[in-house]
């Protein structure tokens, strides 16, 4: 395949933290509009790999190409300027800042009063309200500080922040972990919608059934290495489970749920 | 020879003049002088003296903060054969070989007498006085006590209003002095027990526009004080001779080194500066 | 999709939309939400009331103007320090910068430099000192406490070295002294300067991106960095602000005292930090308020002034001051229990 | 039913935070050995309700009975002394303390040296290792500080802490949100094992299929109120989804996953 | 279960167990893991080396014993302060407690109380002061900075009131002075006392539940509370510790100086906090080290001693001290970049 057709090409990414080789010569490719599911066991290195792409972690070695151009991210600001946005697993919210402030962090709309650029708070709150409604989340007031919100409410704010600013690559690190059923649907719809617009999406999740609803391709990591890649049509939940665990594994929680209601 | 001078701080003119006098005398005698600044911390003086003892200097000159708290170090120095001379603050029952300086209580009484005299002749014998002190300073407390005693003995109708704590820092003294004046609109005189307090008092009287009805008395001349004396609203200031004290101390140590005897108390006289004799000090503040 | 739900209603399965669980926020809610500021405001008013009753002189125009004039340096530096502390930092060097600027401006005026040049040079000096300290803190990641403590020592040392311990007089006739002593429209000039600084600080803190990032850095610096903000530059800037404010305070002080002394502003850093913390800004960062800081600074100034007016013995003054502050804050914390976080 | 047979009876629990009525007259009953699934939309009040039972939140009104005895928890220590343990949604870990230290927090084993009770660190590390292995989680060293662990690793520590000290009531607030497939299985197995030993379990989760694998009963909350209760045999995923959302809702991510691999 | 996996291997699907991604921790790893302590240790050694070369007197037994004797009060209080700061708190009142205890013990000795009683009474007084401050901080949740700042003011005020600004002598013949001046087995008694305190502090910090909870409270107080620990009592206790340590320091100081002065320990709180922070304990709580604190305190003491021995001009001393500390810490941070967190 011609490298020109890739939105993202990461090759040979390695990262060591003291005694642990968190990433070991990992690669990742992503085409425009493609949705890639990145899966693996806990501690496999998924979050670290995606942080490398978002500029939050600087790898020890390896190269990143965006749209065929080699880039070197020394900070998340660099990645943002290449339109790479990420929903971090730890959400990365400022607890003492209000909901709208967190959504617009780093991109606050401004209006000039006597030539001085002041925050346009009204616009921030109005637009934040619209974004939250789109994600189907109930938050009484966008002036609330995020420290007291529920787990799911906090997660929606992080999603709203990353998804709303015309990314060309959108990385979502377990975006639905704390979300209730309707909100999960909204996020999956969102992924479908943005990928249809040509945005490349990396979805990290442990809810394997979701992968089959939105992904084009799945990449499996194991102990800091790439171990498998599958087109979604060629695989099944059982296959993915086995790849993640590294051996044949019977996971009833990830199986077809036909036997609902039957106790073990 | 190496002599060590342990001082209180370097933010008051007074101590720096001691240093200069001592330095000049040391240069003249061909000795080396090292100076330690304790930054108002009593135990730091003790520590520094111990360090000098281990280093075996030939003599120590000490401007004590806590006159009791330096005694062990002085005793240790004596045991090590190192003579200690106290400047400015006498050590009660100390093992120092000599004391150079001013008797602060006595000088406090002198300015107290001068004050009472001024009140008698210029203010019909009645006055109300506010005090800007430095409660954490031993010698400044002595200056206040001596002053109060002389005033009480004088039999004039003098009322002591409040005492405020300037903490030996100019800006603190200024704020305290301003508030003191607001609190006592009927105050007619001010007494400041040290240099920072006097600077604060002088600035406060100017800023409150009270140069017409408040007369200032105090310790240690500065340029502002000289101007006040010229203008007439600073009445009298005790001027010590710190350079002379430093010089006398070094000379005494040199004498000791040569095996000569020295007096245990070397008094350096103070001058009460008023309009009459201010000219002889003017040169210091150009 | 098979529907085995027990309710056949097509829209709402249970009657919930009928009553909302969110009620309109009442005055009390808003009070509680701003607990720490309301608390210090009440405290301030009580202290003022107390001294108005106990002393005659307190509630007179000259005394009140005196208080604001005296506290102008504190207000200016405390406003800037609010930014520093809100990022989770601290600046211990402000007292030393104040002393250095006070002595240097007196010295340069004495050397014959024109006063406008002196002021500009001193403010630039303050900014430069802040930038150096900010560099070590923001770019080299050395704890602010260590950097500014070293700064405290070095900068006052330089002031000492320059003056040789002498205090340097400023000619009373110099227009420079206007900054500290003159009146304009019936208000002392230092108070006017403080007012302007406070308004700018308020707007910068609450209505600009910079202020937003300052709060964000204190709450979660990594989150702000991940949002693409240059957190290092922002952090450096707050130290530039605090040092420049300290320089301005030094200029005002030298002008007011008519003298530059290297012992000016001893312990000033603690006074400033106390005003900021009393106002409700958290030393852990992320929560700051300029209004609170103003009230905190004014409270400290009013207590100092009022106790002297009340003819309190100087031996009792520190005891009474500490006790008043502690008891008042305590009562307020009990009043607003739950609304205020201890961190 | 006789109240004597209940392990936990919470009645009329209400809690208001400023303007929001987070809990409004909520009840919850739990029998010994029963596994209760507590579900609801984001912000419904599930976490707050369970924190009331664990003593971390003091309700405005309402009563709690444990084994028929009215209790009043003024701190989590009180609840712990009644053997109520909880896995908090925010995990409640001390980032700068090591893995073993977090697991044993508040219950460190000690040994006496010259009569002074010192920490028995060897025992802590040995036993921590055993617990983690039981949960199937890979953590290189129990001496690592938890701040740098991956999301799933952190969650296992929180689970290990609550499950290992003979609780009689075990509350798990979204314990599997960050876990990979094998680890989820291990947690479900754990729930089955402890409930078989007579431990009452409250499981809060948005992974609805898991409910049907371990729960006896499901309780649904909506905007701070109880709205429904179902025995597991009498309900289905679709029913639960509708109850959570409050109206009929088609959630493909929560449906039977027969159509794996079919893209939308 | 249907198996559609592409690999038929029954055990491992990919070759991973073959090579572990975790390597044995090397000496360098352990260095990096304890970056801040190693950093201050290196710094300390370099400073010692420097002064050994520059001055003759530094590396002599009497001088080294002098240093430890002089720094005993600092070491004792810094060890206790490490607990306070690790919980995320601060105690600004230690200097004042030291002064109060020094004056009161001199006064009570003068009044004829037997010296063992004086010591016990003073330690109890320290504990009581700490308990009162701890009560406001832990149970009433008032920020530690405000409580102990009020304490600083009140307690020194009381010392001032007792002495009336004068210092009170202790009879040189009193056995009380043994605590400050005597030697035992060739080591000064204050140094021995400090040693005992440090060993106990080290064990308490690292090997007991109390020390664990102190660290935990600094990291996440709510998590520790949820683990069923009485965090309020633990928090109160650290202030009892720091005040008691300050009282012990006050006794040693009074015994050594033979005098109780209300001036004692001015600025001591900053010195103590500086030693703790220099040692690598974080002001944000959760990370503390007693070994680091000892090294931090000794470094400060050695620099002060060495500069005196090197006959540094007093005008340059503060400048040099600050610069040495900043540059050394900076080099160490560069060396261990990544290993040390700035917070």
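First chain written, first letter: the chains are A, B, C, D and E, and each begins at residue 1.
Everything that follows uses one rule, which is that contacts are C-beta pairs under 8 Å (C-beta built on N, C-alpha and C of every residue); 3 or more make two chains touch, one makes a residue touch a chain.
Computed from a prediction, not measured in an experiment: that's the story for all the values here.
Listed here as common contacts of chain B and chain C: E.
Taking the definition of touch as given, a chain qualifies here only if it contacts chain C and chain D alike; those chains are A, E. Look at the CA centroids: the one farthest from the centroid of chain D belongs to B. When chain centres are defined as mean Cα coordinates, A lies farthest from chain E.
Centre-to-centre separation of chain B and chain D, using mean CA positions: 73 Å. We define each chain's centre as the mean of its Cα atoms; on that basis chain A and chain D are separated by 26 Å.
Mean C-alpha position of chain B lies 37 Å from that of chain E. Contact of a single residue of chain A with at least two other chains is seen at positions 19-20, 140-141, 223, 235-236, 245.
Each of the following residues of chain B touches two or more other chains: 10, 135.
Looking at chain E, one finds that residues 22, 160, 164, 315, 317 touch two or more other chains. A complete list of chain pairs in contact reads A-C, A-D, A-E, B-C, B-E, C-D, C-E, D-E. Chain C contributes residues 1-7, 9-14, 16, 21-25, 29, 32-33 to its touches with chain D in the complex.
Listed in rising order, the residues of chain C touching chain B in the complex are 55, 57, 62-63, 66, 70, 160, 164-167, 169, 172, 181, 253, 256-259, 261-267, 304-305, 308-311, 313-315, 317. Chain E contributes residues 88, 90, 92, 136-137, 140-143, 145-147, 149-154, 156-158, 160-161, 164, 221, 270, 273-274, 277-278, 282-284, 315-319, 321-323, 325-326, 329-330, 333-334, 340-343 to its touches with chain C in the complex.
Across the interface of their complex, chain D is touched by residues 22, 203, 207-209, 212, 215-216, 218-220, 222-230, 286-287 of chain E. If you check the complex, the residues on chain A that touch chain C are 54, 56, 75-77, 79-81, 86, 88, 92-97, 101, 105-108, 110, 116-119, 121, 140-141, 161.
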